[in-house]
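Below you'll find the structure I mean.
Letters A, B, C, D, E and F name the chains as they come in the text, with residue numbers starting at 1 for each one.
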């Protein structure tokens, strides 16, 4: 990492630094888990709702389900985007993201221990500044953990179905320099953009790398994964701190 | 108002008292106006977006437009409700409310002075505890005022198109007693429910009264309007205080 | 009421006069209740269909349901409007109106006495000249009454679930004068427009007042309610006459 | 035709007899052409609307367009059918019928003489008792003729674009007997059902025959076409009489 | 048939000649019946899927169902047409065709012998050059026959529910000459277009004739039916040959 | 790679072997590029259509666009899946895949050299046996190359906008063994599944790795990427051979 690379971030942030992370539990009142997560200017409200039903393919299986939906308030972004409910359909991007969140969270759940019920994770972006999907996954884990605590406290389950924590971060190459946790202006300018989802024991759950314009090499990919591992380590610590407070 | 009526509110609130009102301006970063309004446990994020275009029926008219959309996060409510974007359509209730907000705000705007542009008001309920539509109108006015200040500051308009303030409150009859500003449990139990929208000079903009089960008399209606006038006076003062801070 | 106000109605009608009201029962053959109601040039076909099923939230409750749908033939209006079935969705206005009709009729029904079945009211505007929703409510009541008579005659119920009659009328202020039963040209020109739904015992069921441009005062509102009470009295008499013929 | 076949019709009608045909012009007020057509218990309101625009594929062509839409009021039928606007789409049957009506009418129009404008034909079934699509075509022709007279009277066109009249009837084989103008109970019981659209000069415009269960022979088809020709001759006379009154 | 008429076909084909017909069974691997049928340049993949369920109106009836869906790959045609899945609805033309295929095939099935299961026929046009619906019906019959053989081989039924074969062809009048099996350029130019569906015993199942511009006479219709009978005879032979190979 | 791993593939295929690849150009007649690509039992028809228009965000830019749509015939799969056109929407999976194909192809295009026109790639799965999205990308490249040759031959462009070739393959870990080019049974059983898109010069364009159940390590990921590089090298050779034939 050269000095040049460090001065290139508008915020003065180092290339391998996360933006300030803030996790606020019990942000709203009704949900079994409700977390506002902030990665700098990105703010996502993640709620976890326990529902005593499962989708058709799980009925009678004795297993539960974990699912996610994602939305963006129309003026979370620099210019107003159309409301998906008014347009009558979710964009391909929205569906892609909510499927990613769902898979990431299911990966750390033992669905048998959950019992035949659903944890529905709603991730709604209040303010967007890059990295909304990674913030959503990281916050949804905390909300899901609170919902599991509620289930345990209610006596509905006797052992936690959560096997380990999961968190996510974006990395990318901007003007030749690998950067951790891209904010919006960096994301728009980057050549390669990668979203990485990892578990507490260091395994990969999801890896989605996209070249914008120029293909990336294996060396670059390795540099990005190094950055991601560092960032996710810090996020896992932030989750742990929030849950123990 | 008998003493009995005062003890009936779970919160200890007097029959003619508003819940605590909190108006937070600049709640999010990107919108020209962004206001979080709270009526007790009801929290609505109201953003005002300036768009340099108008709907077809206003094109070439030299006049602008003010419009509103309303949404509810899936877990803003006691039990999770389906995401309208996922279902592919807005409910009749949602459409009814957003049409009400739009008419209420247009009523205090001089569309000629606004010029051929649109102010889009997005009212998204973060947490619901009754009165979401009246909180939305009251907060949307503040967001719209901030967007107008932005237009003036940018030199895009030279005079404010806002003729006066507008605010809204719900009133209802619960077990025979007229109450101001119904919270969720009161709203569910009420015989008559009325939403009142008024301007700063004391005129009515919208009046929507509905009997649930038992029809209401003119005497009852007058008692409700007295309560509403009182409450709206306080809301107008709260808007003013917020805008001058 | 000045003389001026009386000459202002194109039709020569007095400010406090209804248009000629005509109620034709058994207008079509298949429905359990089928009524063509005319308020002057406004013609609405109201059918009541008995269905031996209830919506999910009433299943197993022992109670019935009363619901309404509203439509407008494409060329019921001065210029052709798009067919909602072809567009693939009902407008916000349509949904607002059909919800209003449904609530108004449910308010006079004892759903327990109806038994676990539905009365579906279809209100289709054949020709529009203002006041279609109030004509729809007034006609739907007669159709519902015929459907109830059919249920009694069939021995499906032994007591009528209808508690009392319900009717509706529009009132408004046009160039400063309160008018009863607005026709289309008056409705387009009015400053304030109010739809009032009342029961036979003089209670209000629904009250929807909207200022177009200028807010209205409490004095004006009272003048409008006086007019509405007079008009609804006449409509209740017309319903009674029709049902006893 | 045996005597047996004549006694088989519930109505006492002869096998080769139409039901009473009634054509009421100027049925509603706003449309350029508005016709209620009745084939016995089948009642269809056909309106013709002149619109000064054409669909994209005709823009700039100097030619006009004739199009049709078809609908059925929910309780036009024996049991209530779902409202297509509420379901959010038109059924395959509805689309099939409105495409048939459109083609049938376009076939007798000189689109060049019509000029770059559209005649939109709305055929809405008020009461159904079999043969709604053939009644719709027969009535739509009269409505279209009235709209053309209006265009001529307004000086918008100087020569009629209508080349000749067009009418339609259903025929079918019920228990081995060919019948003209099937009513609902006959339509449900028939083995073969054919809709025939013909012009005043005796040519076929559309022919749609369907075997229900048992295929039909060429001899049977010829018997059906003989019946259809007879019936259409009478319908053309009824159209002519209506238009000259 | 004049010599002139024979030279008018671009392909050098005689007026009463089919295009080369090719029927390839087992074209894809998973379906119970899978047939690629080619009428010259028109290629339709017809699959028959056995599903152990029936639509609601057949549940508990002991009878099965035969249904069809039709689609066209976006670039099956000369210029790309929009993908119906992306547009969110099937066109009226698509629905008309798939209803026709379904009725045609059901007509030769004994639904009681099929038992309470469904044969779903999917007809997807890989390449279009006129006559896609008639090729689809002809090919769907072969696919359905293969699915029935599979059911017999599996021991799920003991007798074939197919009563006889069914096939379809288009005929039309181009510049005054009746032609068999129209290809795309002929179809676009034709005055009259007729689709004929017949069974092996020579009965008509469906007959859909449409005049484009000029109405057609009974003499012309008879000439077209003669051509169709000849063509369908050849198609039935081709089906038989394919099924016995 | 142990011997055990080699015997584990049902097909007898080596762990690092592709299934037989077949690329058939000019598969259908109308498209500017039309390719049937087969990866063993997976068959995808990829057509490239040149359209002389661009989406709104490219209008007036002088640049072109490359876009993709993906579909699956209902019985391409083991059991019939619902037709998306009939359901009225594309699944999240479909949208995810077509976005991936579009991005992958755009990455090797110089949109300026393409000029203000669109190449629309339609990838329709005729038969599915795992790896449909990677076959689609690999085949779409060949179809796009044919469309570019057509543009050059027509003189519409003077230099090829294609910078280099692109191809894609799936890799995964099944029972601990990394495998190349998963077929359906392997895909269902795998712990980790990765889709890799690479250019001819060895850069990554897209990388999408998903853990099913157990997270994967960096060592495993490297093994998978080695396999992918090998496979893509062979696919690039197959594309080249097909295009030079």
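The rule is short, and it goes like this: a residue touches a chain if its C-beta (ideal position, glycine included) is under 8 Å from a C-beta of that chain, and two chains touch if they have at least 3 such contacts.
Note that this is a predicted model, so its numbers are computed, not measured.
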Query raised in the report: Moving only between chains that touch, what is the shortest number of steps from subunit C to subunit E?
Result: 2
Query raised in the report: What chains do subunit B and subunit F have as common neighbours?
Result: A
Requested in this report: Answer with same or different: of all residue numbers used at the interface between subunit B and subunit C, are over half used by both copies?
Outcome: same
Query raised in the report: Between subunit E and subunit F, what's the gap in Å when you average each chain's C-alpha atoms?
Result: 33
Query raised in the report: What whole-Å value do you get for the distance between subunit C and subunit F if each is reduced to the mean of its CA atoms?
Result: 59
Query raised in the report: With chain centres defined as C-alpha means, what is the inter-centre distance between subunit B and subunit D in Å?
Result: 51
Query - Touching two or more other chains - residues of subunit D - result: 88-89
Requested in this report: Chain touch graph shape: choose line, ring, star, complete or other and state it.
Outcome: ring
Query - Touch list for subunit F against partner subunit E, complex - result: 28-31, 34, 41, 43, 45, 47, 49, 51, 69, 71, 73-80, 83-86, 88-90, 94, 120, 122, 124, 126-129
Report summary line: subunit C partner, complex, touching residues on subunit B are 89, 92-93, 95-96, 98-99, 103, 107, 194, 198-199, 201-218, 221, 225
